[in-house]
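Below, chain A partners chain B and then partners chain C, in two separate complexes.
Moving on, here comes the complex of A and B:
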């Protein structure tokens, strides 16, 4: 395999890993818990900024040749910035969830989250001192690069391995959450909130938990992305990016971790990478515009023909319970399709 | 001390003037948005992009040499036709197919992306402006308005008055309020809810188109994202007024319009939308049902 191809394939693999992790997080919030978080990309961005700032070291003032300004720079050794990114993502989710989830109807919630996403971009761009404004952060040192002495292409493969390892950890986490009784309870809350509450489940607390876990996972995905690309700016996390992840989750099969993985392979990676090989035509920006139109049409098509995705969530059947213990309708009821 | 006070007044009074203009645009857009959501129960996040599309229609009309008044009419007509078609052709079929609330929000965002990027693909990433006669400026009580801004205020007041009369005194308005409150009961009472919903999309779509055109009349240049950016204050207005409450939205528009222009004058123009957002968060924490909803409920029961 030629060197160029090795670079290309390893890059795509890292992007795939990041997208898969991000989609698992969103699936936990949207697919499993039924939370419509249109600010999902903000958690990824928060994780990315955290990891970048904690790797870059303290900001140099402009008079000493520093070209980017940000708060809280530090030189933390390798795995710590990524863990910190997860914590920041989760913390942000806890703060936002505390006012968005508590007593909002899901349509209000969706609207507020969309606005949060737009405002976050505007603040990050306008508060230049915070994370270097519209130019964003650049030249984030690559993790372990100074410790291991590898050629650039071997380092690429090392990063692929690293991403795969994180993927496995995150998969283990989402698998445990979704297959444990906790996952069943979350699905019950999603499908019939009143019934779950009537059975004594803490609906708000459960939603909050899914929201925060999703935030942690999003933060980690952002951290890996920024450690790989070594640059991050407000242009990397505009609100339509959240829509790409939503489309991936719907196309793959909302509520099913494996399906969501396929969705991440098909939509963000398959789509955005496939157009790389198209000849450029039309005025600048024309292909990008068409790409977004096609993503929109893809979401509509799947919602119309296959609303449950390529690999649908497995419908769980339970053996009949004694009628006296709980009305059967409560256990088997699933609202919608 | 005195000089400082004078300086503050001289920046604040014009800011209130700008605020009234912004509030006028917000009122038209916000009432359309809240009416659409209240009557049809679909949260149409493509609203801002339909505004932009109407602005482009107005742009084509003025570029062809017609007057700006014709452009306003064309924008409103486009908004009405497009909204009805969107509902009949896409939204209603999806609802009939059993797509839940989450799904419908994703459908409207998909439409928003398709419309916005469709405009980008057709017109390109350029700045556009309506061709209008150079406006004269008018001084009123320390505030400076251009004749265009006065026209915007006039258009907004007329539109709000018409909407008020429609909702309060006509049969259609009553039917709309009934459909918004309980569609099934309304249908059982012999109201042709399908027709009412069509008309609600037409009226709110016309307001949407109108808002898109007056929005770009007030700025020097607009792009394919002008309308979607404006969605933040529109949502804030609708939530502040209580979703589905046109009168609440009118009041909300006044509050948010003036507050955001004052903030722009005092803090920084970059933070106009942040003010709208802060108001939105406060309302959601303190009064998620909106400022006017209790009064409105009481009236609804009495009527």
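Moving on, here comes the complex of A and C:
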């Protein structure tokens, strides 16, 4: 494989990993717990800024040649910035959840989230001292790059491995939640809040739990992305990006971890990468603008015709008791012998 | 005020209004343990509001609800439920995208693996508790002749089957007091008779119930005592024969 192709493929794989992680987090909130978080991208952004600032080191004043201004710079060793990004994503979710989840019903909650997303972009762009305003942060050092001393293309593959490792950790987290009674209770809350509460379920607590876990996961996905691309600005997390993730979750199969992985492969990666290879036509930026429209149409088409997605939420069946007990009786006969 | 040993629930002087309408205006009554207490009254009498207040879905403006001698007034629904007071809904409230069996499993009280740390410990930690819940749920399904529907999505059930699910799910939660809001509303006469028989059987096993019901013939067969409400107040409490003889009841409900 030529170097150019290796670069391209490894880059796409890292993006895929980031999108898969992000979709798992959104699926936990939306697919499993029924939280319509239209500010999802803000949690990814918070994680990305956190990881960037904690890797860049303290900001240099302009008179000493510093060209970016931000707060709280530090030189933390890998993987601490990524973990911190998860904590910040979760912390932000706890704060936002405490007013949006505790007090509001789902449609209003969705509206509040959308507004929060718009405000957050505006604040990050205009409060230049916070995270360097509209120019964003750049030249974020790559993790481990100074230690491992690899060629650029080998480093790319190292990063793919690192992303895959984080994917596995996040998958473990979403899997233990969704496969346990906890996941079933969250789905019950999604289907009927009042009935769940009447059966002794702390609905607010459960919704907060899903919201915070999703925030942690979104923060981690942002951290991986910024450590890879080395740059992050308000343009990286405009509110339509949230709808790309929603589309991925809906197309893949809301409520199914495997399904949303396929959704991440199809929508943010497959679909948006494929349009790169289209011959350019129309005025400059025409195809980019068209992408948003087509993603929106894709979401609508699936909601209309295949609302449960490519790989729908699994129907949980339980083995008959006799079958479930079989291994136990086998052990008994062995001891008897 | 001390409560006699056989009174499981006592509501005193409950008040609640909605935008100037006094839905409940000083309702007081008691629920004896081990019996089916019926609540009757014309539409708008405040029956459902009282039930919602007891269950914690609404907060009263005044008055108290005490359960087994403890004041539970204004507790949120889930805390009321954890005390053993389980309510069913007038409109079916199934978890539509869960199977029938899963609907029952959700209701299992104090199940393992429902907290994050327990889930993180893996299936080994919660499997045996889950298995016990599945067995209990299957017993209920067999008892209510719904075993064949175990793997069906609850959203696909018929109206009558949803009523049965509602009842089974309430029982799965292990109630000491079951609040029933018109458990036979909108079902066929034959299913209504079946539900009636189930309620009688459960009562025979010692379960205490408080039931809102419109069909007086049903109330007559199942309920003793009967609480009669009109215009937000309790106007009579006693056996069906007693309340039938009450002039105020006749004026408010049975005739007027």
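The criterion applied here is as follows: the second predicted complex is superposed on the first by the 316 of 337 C-alpha atoms of A that agree within 3 Å, B and C clash if a C-alpha of one lies under 4 Å from a C-alpha of the other, contacts with A are read in each partner's own complex, and residues count from 1 in each chain.
To be clear about the criterion, a contact is a pair of C-beta atoms (placed from the backbone, for glycine too) under 8 Å apart; a residue touches a chain by one contact, two chains touch by 3 or more.
Keep in mind the model is a prediction, meaning the values are calculated, not measured.
K.L.:
Determine, under the contact definition given at the top, whether A:16 touches first (chain B), second (chain C), both, or neither.
P.N.:
In the superposition, A:16 touches no partner, neither chain B nor chain C.
K.L.:
Output check: A:182 vs chain B and chain C. Expected answer is one of first, second, both, neither. What do you get?
P.N.:
The second partner, chain C, only.
K.L.:
For A:223, select first, second, both or neither according to whether it touches chain B, chain C, the two together, or no partner.
P.N.:
Neither partner.
K.L.:
Which partner chains sit in contact with A:59 here, chain B, chain C, both or neither? Use first/second/both/neither.
P.N.:
neither
K.L.:
Between chain B (first) and chain C (second), which does A:112 come into contact with in this model arrangement: first, second, both, or neither?
P.N.:
After superposition on chain A, A:112 lies in contact with chain B alone.
K.L.:
Who wins on chain A residues touched, chain B or chain C?
P.N.:
Of chain B and chain C, the partner in contact with more residues of chain A is B.
K.L.:
Should A:202 be classified as contacting the first partner (chain B), the second (chain C), both, or neither?
P.N.:
A:202 sits against chain C, while chain B stays out of touch.
K.L.:
Kindly list the residues of chain A that each of chain B and chain C touches, one partner per complex.
P.N.:
On chain A, no residue contacts both chain B in one structure and chain C in the other.
K.L.:
Inside the complex, what are the residues of chain A that reach chain B?
P.N.:
Of all residues in chain A, those touching chain B are 30, 34, 36, 38, 99-100, 103-104, 106-108, 110-112, 114-116, 118-119, 122-123, 126, 240, 243, 246, 250, 282-286, 288-290, 292-293, 295-297, 299-300, 303-304, 307, 335-337.
K.L.:
In their complex, what parts of chain C are in touch with chain A?
P.N.:
Interface residues on chain C, with respect to chain A: 55, 57, 76-78, 81-82, 86-87, 89, 93-99, 101-103, 105-107, 109, 111-116, 118-120, 122-123, 126, 130-131, 134-135, 138, 150-151, 153, 169, 173.
K.L.:
Using the touch definition up top, name the residues of chain A that touch chain C in the complex.
P.N.:
For chain A paired with chain C, touching residues are 176-177, 179-185, 187-188, 190-192, 194-203, 209, 213, 255, 313, 315-318, 321, 324.
K.L.:
For chain B, which residues count as touching chain A in their complex?
P.N.:
It is residues 43, 45, 90, 94, 97-103, 105-107, 109-111, 113-114, 116-118, 120-121, 124-125, 229, 231-232, 235-236, 239, 243, 268, 270-271, 273-274, 277, 280-281, 284-285, 288 of chain B that touch chain A.
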